[in-house]
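So the structure is just underneath, and the comments pick up after that.
Chain lettering (A, B and C) follows the sequence in which the chains are written, and residue indices restart at 1 in each chain.
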Amino acid sequence: MNNTNETKLLEIKDLHVSFFTPAGEVKAVGGISYDLGYGEVMGIVGESGSGKSVEAYSIMGLLQSPGEIIGGSISFEGEDILAYDKNQMIDFRGNKVSMIFQNPMTCLNPVYTVGNQLVEALRAHNKEISIKDANQKAMEMLELVGINNVEKRMKQYPHEFSGGMRQRVMIAMGLICSPKLLIADEPTTALDVTIQAQILELMKNLQKKTGMGIIFITHNLGVVAEICDKVSVMYAGKIVEQGGVDDLFYKPAHPYTLGLLRSMPRVDAEEYERLIPIEGTPVDMLNPPDGCPFAPRCEKCMQICLKKMPPYVDLGNGHCSACWLRVKDNIKNEEAQNNG
Amino acid sequence: MADRIKRIKFGSFQPNIENLLELTPEDFESASEEQKEGFIQDRKSTSYWQDAWRRLRQNTVAMVALGVIFLLILFAFVGPTLVPYGYEQFVKGSENLYPWHYSLEDQALIDAASGDVDQRLSAALEAAEKEKGSELTAIEKAQIKAKVKTEKFDVAEFKEEHNIHLKLFGYSKSELMRIEAGEKVFPHVFGTDGFGRDIMVRLMIGTRVSMLIGIFAALLVLLIGATYGSISGFMGGKVDTVMMRIVELIYSIPEMLVVLLISTALKTPLVNFQNTGNGFLQTMVGILGPNVISMFIAFGLMYWVTMARIIRGQILQIKEQEFVTAAKALGASSGRIIKKHLLPNCVGQIVVTTCLQIPSAIFLESFLSYLGVGVSAPMTSLGSMASDALGGVQTYGFRLVVPAVILSIMILSFNLFGDGLRDALDPRLKK
Amino acid sequence: MRKTANETGSEDMAKYSLRRLGMALVTLLVVASLTFLLMNSIPGGPWQSEKPLSASVIAALNEKYGLDKPVIVQLGKYLEHAVTGDLGVSFKMQKNRAVVDIILEMFPMSASIGFFALLWAILVGVPLGCIAAYKRGTWIDSLLRIVCTIGVSMPSFVIASLLLTTFAGSNEALRFFPTIFKASLGVKAYILPCFALGLYPMCYTARQARSSMLDSLGQDYIRTARAKGLKNWKIIFKHALRNALIPVITYLGPEIAYVLCGGFVVETVFSVPGLGRYFILSIQNRDYPVIMGTTIFLAAFIIIMNFLVDVLYNVVDPRIKLSGGGK
């Protein structure tokens, strides 16, 4: 963890989120913590069901029943947002923090024009602005995200835009109130690879321009490498490894991260190298067993892994991992030091 | 080991720190495959039907509705065996009974009091004289006499005074006397109609008729609709398009009008047919009545379209799914695909839609019977009973209310149960 | 019948409307022919319930009404006349009065009752459905659902009869409304019939509106709206409602049909001098020209209304507005 004294943009401490379904309590997020400084880009990586979207929704206050935040704290610029009432939350959303979602095809209301929806986003938080100025600002945003013919486009309906363009509109809508933090929930997953690259490029440029922080949620490590400064790897509702992007890629400290890296197809791989997938299936969140949730899929699983949850081990420079192997390493080092 | 653990930094609160103090070297041995496999307790896998049944059982409303349906079935089919009156039986002397009665003694009291005009007259004359203080003139006497004659005997007050209460169930005077004599007489729970027919038995028969018509109509619709829909869906292409155009056409015809039309048109031919002989068909026509037959014909012609559409939709959906392509790729024949893959997935929809067609059919039948173009006398249905009761509704209101309520409860129960079935079989649709 | 946005997006609006119109006309033709053929299949002719007439009289009547020619010719002639507005004359109930005149006299009454019934059904049903959707899971939602399920399960004659008994019946205290309908009594006379007729459509509409609203509220664009920080009422009224109302229009068609046909019973119960009641009487009296004419007229009305609703739906949904534009 960074140990500076300045106020972080976002601080999440030990967040617990559960869904109280008829079948029982699903512990979607079981105690995660991370910080984000101003202008930093954090990547959150995990499979479906790892809880990455849930924690993003918790930040935005978009969690709907039967989901509930049952523990922990989230503070934004030093303020505890879990204590916000409804009105404060409405003020907060779209204004201080914006979110863009995975499927741009369905995220815009089909019966209103794009211009209407953009202006609406702006005037929700800036009530004094005139319609003319609002339209002007909306058009500026559309240009910013790389859309041509803005005057014409403003009057068009969402179904007249392609997928990539709709995502650009979503980004424009997210940025129109100049938020300090943008949460992007798998924004490129539903798009073609070439469009993906364009959108990523766009986001990188915008981030540099505005200096806003980004939380980038994805299951694609390639994207993470492109755009993120820090990464948190999530599995079964917990962060299993966290650290700077270089540390993660070159010195992965958790078998899951290692597995993810190995299962990525690489352009520079030898012809005969096989992809090594991670065996097994994700754990049932309804009855999470004791011990490390990754244990049954881990090739280095030890006895202790089946019995107890591993603690976080600090590996320096903000890099940490929750794995008994690291504890084992630590103990070995200690013994070596003592003997040496 | 304690000091080493202190040096390990924790990024987040770990619940069982204390237990770490007990780590031993064995804990760091590798775990075997079996151990890993035993780690996760699989959730008991249930089949689709078990899941659906469980969901259905948990749905209180649907279960209550099912219970009510069961009770209605008992009422309609077992009931008449318990009641000694026939639905066509004219019970002499028991005409127009209400579902309540007064005991013989009470009736006698009322009769005595209300019938004695002279007694009241003298009492009234006395009271008037006292008030006036002097003798009444002939005119005043006449006035009082007229007043007493036309004055309504205040039954309610009298009943209050003498603590006369209504007793449940309807009995005629003669029946009450038989009870006094020691005979066991089955009560007319809901009273009797103008001909002395026990209404409860007629209700039971009426419920039976309504229910049977509903079920058979729904089955008819199922047969035609499912066949048509599955052929259309499975064949696809031009055949499907043509078949669906026909469906659209039929769908846009106002069904009610056609039903009425067919009923009217077929009435005479059916009656003629009935008179041609004593074969099975002729007797069937005789029992059901030409109107009901027409209703079935109309139903068969018009109402299958919804079922056809739904089944076709289901088939199309399933056809596109990958497991069908997989089956084809494995070399399965069309027949096998239909039997093993398409139909089982449709069964849910088929059951739900059929179940929901039953109340529609009952609805329609009652509607038609009410208009007089439904079941014909002496066969009775809930709708025709309500219709008959309309004329005397001012005095015999219950004759309308009771069949109407039973009818509504029946339709409601089928609707609720059908809804519950739908929710259970496809929880994704649950809203 | 409902085509998705994708299917019609590529079809020109005009072409689609024309196709639906053609369909409507074909349906009408089928109904008219069916009606005519059915009525003509009745053996014994329309004179059967009269006193037995001599053969020569029957022959004369047949000739007068053109019943002695082959059926196809009769059908052709009938349709020819129908198109020009001549639906024959009443045989029995109002001897020799043109059926068209009868219809035109009676229909406005039925139409007005039907219109008001439908009006209250929609004006009350839609908001109720939306409230139930918004308050999903609470007691308000459960209550509305129970009421609407019961309402949908009660045939209109049940409600009509119950209302008649209670509010226009023997109990003097509750007799707020007249037993027999008289237009001259104004609003009071309309209330019971319109309420009875409109109850089923109201409950049906409320259920559909609820379902549609829930669907709309569950869409991704609502999530986007929330993420933008819009106020709750704005999300519901501006975003969710507009989308939810569109499917509700599709139910207008069948509801119009119901209101006209359900009117038969309500008119009978409340003695409203409308076309529905007259239709039932004509069935009971076997006045064939009236039966045919009324059937065709009502069918035509319903079919045309369905067509108009169809067109309306396509106009309102902007996904279909432009013919294959943009994408």
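One rule holds for everything that comes next: a residue touches a chain if its C-beta (ideal position, glycine included) is under 8 Å from a C-beta of that chain, and two chains touch if they have at least 3 such contacts.
What you see is a predicted model, and the numbers here were worked out from it, not measured in a lab.
Q: Can you name the chains that touch chain B as well as chain C?
A: Chains touching both chain B and chain C: A.
Q: Where's the contact count highest, between which chains?
A: B-C
Q: Calculate how many whole Å lie between the centre of chain B and the centre of chain C, each centre taken as the average of the chain's C-alpha atoms.
A: Inter-chain centre distance comes to 25 Å.
Q: Averaged over CA atoms, how far is the centre of chain A from the centre of chain C? Could you give it in whole Å?
A: Using C-alpha averages as centres, the distance is 54 Å.
Q: At least two other chains touched by the same residue of chain B: list those residues.
A: None at all.
Q: Which residues of chain B touch chain C in their complex?
A: Against chain C, chain B makes touches at 248-249, 251-254, 256-258, 260-265, 268-269, 272, 359, 363, 366-367, 370-373, 383, 386-387, 389-390, 393-395, 397, 400-401, 404, 407-408, 411-412, 415-416, 419, 431.
Q: Mind listing the chain B positions that touch chain A in their complex?
A: Going by the criterion above, the answer is residues 1, 4, 7-17, 19-20, 23, 26-31, 35-37, 39-43.
Q: Taking the complex as given, what residues does chain C use to touch chain A?
A: 5, 9, 219-221, 223-232, 234, 238-239, 242-243, 246, 317-319, 322, 325-327
Q: Residue numbers of chain A touching chain C in their complex, please.
A: Listed in rising order, the residues are 60, 62, 90-95, 98-99, 101, 103, 106-112, 120-121, 124-125, 156-157, 159-162, 170, 173.
Q: Taking the complex as given, what residues does chain A use to touch chain B?
A: 1, 13-14, 31-33, 239, 242, 283-284, 286-287, 289, 291, 295-296, 300-309, 311-314, 320, 324, 327-328, 330-331, 334
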